[in-house]
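In order of appearance the chains are A, B, C, D, E, F, G, H, I, J, K and L, and numbering begins at 1 in each one.
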Amino acid sequence: MRKVLIIHGPNLNLLGKREPDVYGSVTIEEINSALKERAKKLKLSVDIVQSNHEGEIVDLIGDAEKKYSAIIINPAAYTHTSVAIRDALQATKLPAVEVHLSNIYAREEFRRQSVTAPACRGQISGFGSTSYLLALEAIHSSF
Amino acid sequence: MRKVLIIHGPNLNLLGKREPDVYGSVTIEEINSALKERAKKLKLSVDIVQSNHEGEIVDLIGDAEKKYSAIIINPAAYTHTSVAIRDALQATKLPAVEVHLSNIYAREEFRRQSVTAPACRGQISGFGSTSYLLALEAIHSSF
Amino acid sequence: MRKVLIIHGPNLNLLGKREPDVYGSVTIEEINSALKERAKKLKLSVDIVQSNHEGEIVDLIGDAEKKYSAIIINPAAYTHTSVAIRDALQATKLPAVEVHLSNIYAREEFRRQSVTAPACRGQISGFGSTSYLLALEAIHSSF
Amino acid sequence: MRKVLIIHGPNLNLLGKREPDVYGSVTIEEINSALKERAKKLKLSVDIVQSNHEGEIVDLIGDAEKKYSAIIINPAAYTHTSVAIRDALQATKLPAVEVHLSNIYAREEFRRQSVTAPACRGQISGFGSTSYLLALEAIHSSF
Amino acid sequence: MRKVLIIHGPNLNLLGKREPDVYGSVTIEEINSALKERAKKLKLSVDIVQSNHEGEIVDLIGDAEKKYSAIIINPAAYTHTSVAIRDALQATKLPAVEVHLSNIYAREEFRRQSVTAPACRGQISGFGSTSYLLALEAIHSSF
Amino acid sequence: MRKVLIIHGPNLNLLGKREPDVYGSVTIEEINSALKERAKKLKLSVDIVQSNHEGEIVDLIGDAEKKYSAIIINPAAYTHTSVAIRDALQATKLPAVEVHLSNIYAREEFRRQSVTAPACRGQISGFGSTSYLLALEAIHSSF
Amino acid sequence: MRKVLIIHGPNLNLLGKREPDVYGSVTIEEINSALKERAKKLKLSVDIVQSNHEGEIVDLIGDAEKKYSAIIINPAAYTHTSVAIRDALQATKLPAVEVHLSNIYAREEFRRQSVTAPACRGQISGFGSTSYLLALEAIHSSF
Amino acid sequence: MRKVLIIHGPNLNLLGKREPDVYGSVTIEEINSALKERAKKLKLSVDIVQSNHEGEIVDLIGDAEKKYSAIIINPAAYTHTSVAIRDALQATKLPAVEVHLSNIYAREEFRRQSVTAPACRGQISGFGSTSYLLALEAIHSSF
Amino acid sequence: MRKVLIIHGPNLNLLGKREPDVYGSVTIEEINSALKERAKKLKLSVDIVQSNHEGEIVDLIGDAEKKYSAIIINPAAYTHTSVAIRDALQATKLPAVEVHLSNIYAREEFRRQSVTAPACRGQISGFGSTSYLLALEAIHSSF
Amino acid sequence: MRKVLIIHGPNLNLLGKREPDVYGSVTIEEINSALKERAKKLKLSVDIVQSNHEGEIVDLIGDAEKKYSAIIINPAAYTHTSVAIRDALQATKLPAVEVHLSNIYAREEFRRQSVTAPACRGQISGFGSTSYLLALEAIHSSF
Amino acid sequence: MRKVLIIHGPNLNLLGKREPDVYGSVTIEEINSALKERAKKLKLSVDIVQSNHEGEIVDLIGDAEKKYSAIIINPAAYTHTSVAIRDALQATKLPAVEVHLSNIYAREEFRRQSVTAPACRGQISGFGSTSYLLALEAIHSSF
Amino acid sequence: MRKVLIIHGPNLNLLGKREPDVYGSVTIEEINSALKERAKKLKLSVDIVQSNHEGEIVDLIGDAEKKYSAIIINPAAYTHTSVAIRDALQATKLPAVEVHLSNIYAREEFRRQSVTAPACRGQISGFGSTSYLLALEAIHSSF
């Protein structure tokens, strides 16, 4: 059974707990449940990590090849600033999919640029928690 | 049965016919077949149009509310230049999903910006013809 | 009797039909009626065309000298992108007035620049449908 | 009878007195006469001030609500530099119309940007002294 | 007793009189009273001036050394445009504090830059009328 | 006999008919005659099309492989804005030559950039109608 | 008793220990003592943390609501680069004040921009260790 | 006897009174004496004005033709910001010379650009008070 | 017999001698032979110079009027940097044609700009050694 | 015996393990051995650390003075983004040398800028693992 | 007797020989005569050199200290491009004055920037050949 | 014995002769001696040239293959402006090392960019004359 590493970037631990008008009312736990359920249907297994630390995310990606067949990552704020995560994604042999809850094109100017996306296979943004499920489908269909 | 309008932008008629190393070997007919098949599974119906004309695409979007419940659009070259298509997408009440075959972040600088995406619900790029199928799933899951 | 060509650019066919909070509740038909009535008072005759096609608008301007004495144009989205319409306006001997329903300076950054205005005699923006009537007055007072 | 404040910005006192090929031969007095005559027809009364001082113009706008129902302003050089006038226009409850004798889009690059226009209802540029009369019409039709 | 010159820049005379949702309901008179009261507590005396004129503000700063020990200035719109005020602040031997009612970083792009701040000791922004009182404290603690 | 497709872009239909001081007095018909004559000498055959429509030009290029061995294109205004035409030229297997009547480097800043040239074999600009004839020579010498 | 979280960003642990001409001779311990003393006077309690880790600072802000009523943060180098800290500050319901020892406007160009300030209530910069005490006053006066 | 108007811009009244290491120890009175003496030698008469007010300087230039044959202006801070002074200089028939005490190229980036110089005959910068005397020589030699 | 000066800019002496995959296998001697042969057919005579020295090229152009009727120049690297060569071309009365072996639009960003082309009659780029021959034809047809 | 701290930045742990065509086949262990051997020859001792965490690297530099006489750092991705590491290098009294395996000028545009280099004594880039050895020589020769 | 080195930059040898409407009808010989005559009056001696070669000008400046007390230089085109000449001027102990015949602010955008001026004492531009004479006066008055 | 060509760029002839606080007190002769001595140790021979002429440096590089095995170049001012030297370095088969005495990142903004470095194997900057010796070591270790 192929294993997919799912990485939630900074501040995503706060999802659904506050500012429901901005972040929606879905919690990170609910997203994780949905991901596990969908993974099961697709005969995949998933490991899910949330981290606010750029370095930890780099560590995770650097070690991923040992256990995983693919990576799904929502780099959140690091999307726009982290060359280190981009380099990690570039270095790994695993296919990676970048995911965003909101449509990054409909937000502030500086959020319309992704430093990390060039090192991913593709990007899915704007569909809320469904973005993650579509990423799982994309990974699945690429196997 | 809900109906989805699928718009292929400029030069996509040439898909699979030439430069297979760049554009892949999938033809637009094969993408269309896959879309119809997937639509069927999702209990949706699709109309598919290809046009090289910015004005025609604006016309299509402007008229779409009468017959359709959603739009999937690959604006291709017009992604980066067409304020007219953006305004049409903004004006319509229908949800729209922007789709790209290639990862636009991994190409020339000017392709990393989307003029049209801010007027869409979300964007899916980089998964080849699967991008379209994921868009259909995204639309479906939003109904 | 002098004849004025009035060109409504892309998406203006949708005016008043939807999003009344954004686009106002005046329809394009009502604007056209007001224009015809005002023209009558000024002893002018008007032909009114709406097109979503940049090429069609270029055709119209290129042919205008044969029948018209002046042009009023709301290039809408093409205001910000069309060098072709600018060149057509530059090439024609007819005086042209650029018109905008909304105040383009109070919108997104990219709407504050007009590619087409340098080729017009002047620009009137921000007065809703009255912008068109003022343009007719401007044309009239220049004869 | 509604009263309109008309403000001529810096260097407009020199109009018609010199460089007739650049500034035209119409003097500021002639523009003022035409404005008064047109105001009379429209059952409006006008007060007209010319000032080269940014601070004075800010004072005038700040005090205008007490006596006036609308403002017509040709900020001239201050169009491109004065955040203070913009803020004054933003602060007042009165509708304001920005007016330019020449087509600002057909001049030097730095004249194509208006700092003050975002705080106005609309802008009319390029019709010589007629620009002012159209502004009066615009104000009149908005009452 | 040390004397502090407090300068309110353009349009601040209108504070609290209109648009209470934007500018708050505190009037400039109320700010001035609070400043006088706080000054008294700190054994300082204050002179307060409001001016819409860049030149007047330059005059005030140029003459300040004769009577004052420090300057508190809210340059308002001139924050973003006035090299003349910056040069005046640079030339004076007095310490100056720049003050803003609103958080200038949370407004339009052009308001995020301060031309005048490099010539001040420090800047306090975002605390409404409290910004002024904190500036008085800052001045006091630097004596 | 090899066939070359020659495409005149927007507003070139107006050549020689007006503004002879800007556009020269040569008409498009005269250019076409000269092209046919030169083609004959070079044992080539030419088809010549003029279009103001970006989409039509994309259509023409997309279909060209069926009948033609090379393309000569004067994209006129679309030179500076059309990613769609660039993509069409990139997609075709045919060699293409970009042609300009005037020296695009000696005109407005925005005309010094060509969006379409990177997808052509080369560019010839500044020699009036001779530019087209040189393009034909270039095509001929590359066979 | 309300509790305020005070965060010292990267390299602030070195304060006063070296380069006294640049960083001043005040140590971080002295700033902390002054903060505690002032807090006591204002009937507030403070927790003070120093961290060189962007992720740790994001963690601290994300957890702050449980124990604190407000945040004072000197993001130091992260002021200019950390979208992650900005997002954390935006997500929290607590009011935050950004503090800088030096006048960031009087330093290198890249230090004049604050990525984090838009998510704070206000910013105080340039008063050395007094900046922190003023922030405490600002927080206090907002309760 | 020809009369030359000499205008000292903002903050030049402070010359020589403070910060002798930056501004030099020459006072404005000494510069004025030197100017009068040199004028006498050149059989010219001079009127000298200092103003911190942009509007006043515009007034002076606008009225200058009545009494003067030439203008020497040190626009100081307004060099870099005042389109109004530039327009006044452009409007007057008198030749004008722009003068700077310091070498504006050897200072901050924003001081290397002159908004006003394009409307002058020439510019002399960097020679301290001698800059003014050279300007007088330049004016003299152009008569 | 009219004489044409042909100038090969820096590094063109190395043509064909190395890196045949980049520079092609044609040597500068072969280009020169082809040029002479074509010149003969066109009843022209040519002088050909290669120089790596910007100053020498300026000298050559400055002296050209004495002996030549036209200039063909491949400024190579100096295309993108030499205002001196541009000024020399602007100063000469001779018509000049700028030539490039490769398509400068299809190379690095900085090679897409020509400092020298605005001073030439036209530019031909992308046809290898044929670019030179076409330039000779262009010169010939302009006599 | 002087001790040098050698810091390998993010993703350098992966060196030589994958993508040998991009990163070369030398492992980080081999670089470390070579460094130790060279240090021995130079009578220096080295401590070598690899970290993916910006904060950890800031910690290391901040503490280095206690044990080390110099720092050699390959900031990898943080070269282009980390003001925090720059500030740490600026704060330390130790000389630091920035090292890069590849020639950063021959890569993507954003890699040509170093945020950290201004705080180092010098930079060595492009010589693979030899870059580190040269840095050690540079440090050695500066003692 | 002090000796001044006067350097005429590229293309100035052509002065007065052609394009009298652009360059004026004064020849370089006439400028040189005027310079020698003025020098005599000021009890100075001058050596005058013209060169189109950046390297030669660098040589001249590098050697100047041996024989000269000051430098007057019109770097012409090299004003805008030559860091080498700037560095030479920076390295020499001699005072240098930059001179321009035309007002560089009234020409193309790229001519408004001087790379070389920051290394000079001052700059004089816009007075034709008088610019040189004023420079001589400036040098003289600085001795 | 392998031979290395060492090129000192513009103004380096002045090294150590003047401004010892800026350029250091080491003369170019001392650097050359050190280079020869180190070369001897490494069993290499060196030829050393200094030139202020861009064209000469291009000549030297273009001819280098005949006699040399590698190039060490300090392009000095030409680092930031010379595409010609970059192209020469790109064209030669020899490995080249770019060397700078000072840390170019710690100087003016325009010195932080190297036009020539992308065509070199690597760059060493900031170690004074040691930079050259390290370059020799780098070359040596690459043989």
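Convention: contacts are C-beta pairs under 8 Å (C-beta built on N, C-alpha and C of every residue); 3 or more make two chains touch, one makes a residue touch a chain.
Not measured: the values here are computed from a predicted model.
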| item | value |
| --- | --- |
| Subunit C and subunit B - chains in contact with each | F |
| Interchain contact steps from subunit A to subunit L (minimum; 1 if touching) | 2 |
| Subunit E-subunit L separation of Cα centroids, rounded to whole Å | 54 |
| Euclidean distance of C-alpha centroids - subunit B vs subunit K, Å | 62 |
| Cα-centroid distance, subunit C relative to subunit E, in whole angstrom | 47 |
| Distance between the centres, which are taken as Cα means, of subunit G and subunit E, whole angstrom | 23 |
| Two or more partner chains touched - positions in subunit I | 53-56, 81 |
| Touch relationships between chains, expressed as pairs | A-B, A-G, A-J, B-C, B-F, C-D, C-F, D-E, D-H, E-G, E-H, F-I, G-J, H-K, I-K, I-L, J-L, K-L |
| Residue ranges of subunit J in contact with subunit A within the complex | 9-11, 13-14, 18-19, 23, 51-56, 76-78, 80-81, 110 |
| Contact footprint of subunit I on subunit L as seen in their complex | 53-56, 58-59, 62, 65, 81-84, 86-88, 91-93 |
| Residue ranges of subunit I touching subunit F (in the complex, touch as defined) | 103, 105-106, 112-114, 117-118, 120-127, 130-131, 133-134, 137-138, 141-142 |
